[in-house]
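Okay, got some structures for you below.
Paired with subunit B in one complex and with subunit C in the other, subunit A is shared by the two complexes that follow.
== the complex of A and B ==
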């Protein structure tokens, strides 16, 4: 992820340089939010957070996981929020802490319950659907050629939950409500192209009713 | 020349753009424009094409005419004419619905064009027995009679950048 603040124009007289930022502090705030921009504003430089690189990400929204460390050790819950940049996962209602907001004078403030993120590598484990116990997971291919998550212990396939498909625009693709600026399937898939033995310019000429009789003189390359 | 004690020397630094404006790297497509002058002066100059500073403050806008002597003559060919198709009854919209499955279409190759234009006639001629020993049609259609020279001429008539 890079944020280019200024790039010199693409012209011979300019030295090609960019003023950009490549190192960011990733948190539970998404990169397009104002809070992220505030945390990564110009002039801030945070210490590097070391994150174990994971090639195949196996945790999705709606997955059943068990927490292995902390206050809620042994409890199972659904994954609510995923931050891949930090290998984080937030489990709904578990591993929480309480914080009060708006404390002023005598008023104790409003108490909020907020989940703490858990590291995917060591603090959380996916559940095997056959016995609801934590397992290690691998990505393998089925006979048909689909890539699936498989529990290493039992070999049972762990399907990807429906909640993972959810985005800001829809819950599932099939339930998306079509808006007035959306092209529907019939309009999109209809083929209106009629092949003709004409170049692009000739095609436009026939459609616009332009007729040209003049033949240009022959040109030669030496 | 004695200065009065009440006055003070104000040191100002000015960036001169004249040097680079006349320098060797400021050719036509340079992006540096004149900065000097009051707002009123620059406004005056921008609206008057006969002014000697007009191009300096124009911000790179392409001129619509030419200065002939002291008069500015507008050349109508220089005014861009945007030809936009009429979108009456056009069904496609700016966005695509998420419900639509992926459309996978192969490239439209020259083989496909040949197939679309000639294949039906060839098949009909073959079934009716109207092809000679070498496979050439006995009653060629307009497209089949086309020679490469005539085809090229047709393409060049209306104007082409490929041939």
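== the complex of A and C ==
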């Protein structure tokens, strides 16, 4: 992720330089929010955060997990929020702390319950659906060729929850309402391409009836 | 079974295709326009612009603006961009039409963005412009692929703009894109390359080489130390994942480095 603040104009008299930011502090605020911009404003420099690299990410929204450390050790809950940049996962209603906002003079302020993020590598574990106990998870291929999560202890497949396919545009793929300007599935998947020994321009010209019989002058490229 | 959404920012493609077939536009009509002189009926024989349409929509200049329903909205729902694989199965005719559909959509979105800025209003879903640009980029890539395949098959060279790596005035290797000329290179006066080869250029090259070497050394040291930091803090980390993320570092060797030593049991 890079944020280009200023780029010199593309002209011969300018040296091609960019003023950009490549190191960001990732938190529970998403990169397009105002709070993220405030945390990563020009001039701020935060200490480096070491994040363990994980090749196959296994935690999705709606997964049942058990918390292994802290106040709520042993409790099970649903994953609410995922921050892959920090290997974080927030479990609904668990591992919470209370903070009051709007404290002024005698008024104690409003109490808010907010969840604390948990590290995916060490502080949280997926549940095996067969016995609801925490397990390690591996990604393996089925006989059909699908990549699935498999519990290492029992070998049971842990399916990806329905909540994971939710996006800002739709809750599930099937409940999406086709808009006016959207291409329908039939139009999209219909194969109209017929390979022919022609360039794009030649094909269009023949279809439009344009006949080009002029021979261009010999030119030199250097 | 409900249609699984296949969404993209394009107007009714099927409608435009059928309209196009009906009109039968050919170049023969265009060649009628002769050289304009004071005594001909040149302008009367020209087809009137207002009656020249290739699609069913007749909104005139209002095509530059969004549907009136979307004016003042906080959110406008649209699909995603066209993917490369989805464009590859389409014929050249379809791609040609889709290009103009996307172009008009982009013009509409840019007009709306400007209008919203002028009126100090919220321009909803600005990512629509990015989606259209991505679709257009993918379309151009597919067309380039097809042309390149034909050219390589028939001529042995790609039909794209030729170029080569040359040394510029400071001796740095730069990619020079060729331009088209009428005269061959030995007749072209400006092409007489006078390259400096003196001591100043050689000195500059030495300094540049040193600077690049220092930058490279520092970069390699930085990522090597970062890997050592990871191994120190995460003793149970997956070494293959770290190696994938930092292919230039020998992760197996860094396990025994002093910087990787943490307060945990020996795992080597």
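Criterion: the second predicted complex is superposed on the first by the 177 of 222 C-alpha atoms of A that agree within 3 Å, B and C clash if a C-alpha of one lies under 4 Å from a C-alpha of the other, contacts with A are read in each partner's own complex, and residues count from 1 in each chain.
In this section, a contact is a pair of C-beta atoms (placed from the backbone, for glycine too) under 8 Å apart; a residue touches a chain by one contact, two chains touch by 3 or more.
Bear in mind that the values here come from a model prediction, so they are computed numbers and not experimental data.
A.B. asks: Subunit A residues in contact: does subunit B have more, or subunit C?
C.D. replies: Touched residues of subunit A are more numerous for C.
A.B. asks: In the superposed arrangement, which partner chain does A:53 touch: subunit B (first), subunit C (second), both, or neither?
C.D. replies: The answer is second: A:53 touches subunit C but not subunit B.
A.B. asks: One more residue to check, A:41. First (subunit B), second (subunit C), both or neither?
C.D. replies: Neither: A:41 stays clear of subunit B and subunit C.
A.B. asks: May I ask you to decide whether A:216 touches subunit B, subunit C, both, or neither, giving the answer as first, second, both or neither?
C.D. replies: The first partner, subunit B, only.
A.B. asks: Examine A:147 and indicate which partner it touches, taking first as subunit B and second as subunit C; both and neither are also allowed.
C.D. replies: It touches nothing on subunit B or subunit C.
A.B. asks: Go through the superposed model and pick first if A:121 touches only subunit B, second if only subunit C, both, or neither.
C.D. replies: second
A.B. asks: Starting from the residues of subunit A touching subunit B, keep only those that also touch subunit C in the other complex, and list them.
C.D. replies: The overlap between the subunit B and subunit C interfaces on subunit A comprises residues 169-170, 173-174, 176, 178-185, 187-190, 193, 197, 199, 201, 210.
A.B. asks: Please output the residues of subunit A touching subunit B within their complex, sorted ascending.
C.D. replies: So the residues of subunit A touching subunit B come out as 9, 11, 13, 169-170, 173-174, 176, 178-185, 187-190, 193, 195-197, 199, 201-202, 205, 210, 212-216.
A.B. asks: Mind pulling up the subunit B residues that touch subunit A in the complex?
C.D. replies: Residues 25-26, 29-31, 91-101, 103, 108, 112-113, 116-117, 143, 146, 153-160, 162 of subunit B touch subunit A in their complex.
A.B. asks: Going by the contact rule set out above, which residues of subunit A touch subunit C in the complex?
C.D. replies: 50, 52-55, 121, 169-170, 173-174, 176-194, 197-201, 203-204, 207-211, 217, 219-222
A.B. asks: Under the stated contact criterion, what part of subunit C meets subunit A in this complex?
C.D. replies: Residues 2-11, 13-14, 25-28, 67, 77-79, 86, 88-96, 105, 143, 146-147, 150-151, 153-154, 159, 162, 178-185, 188, 191, 229-230, 233-234, 236-238, 240-242, 244-245.
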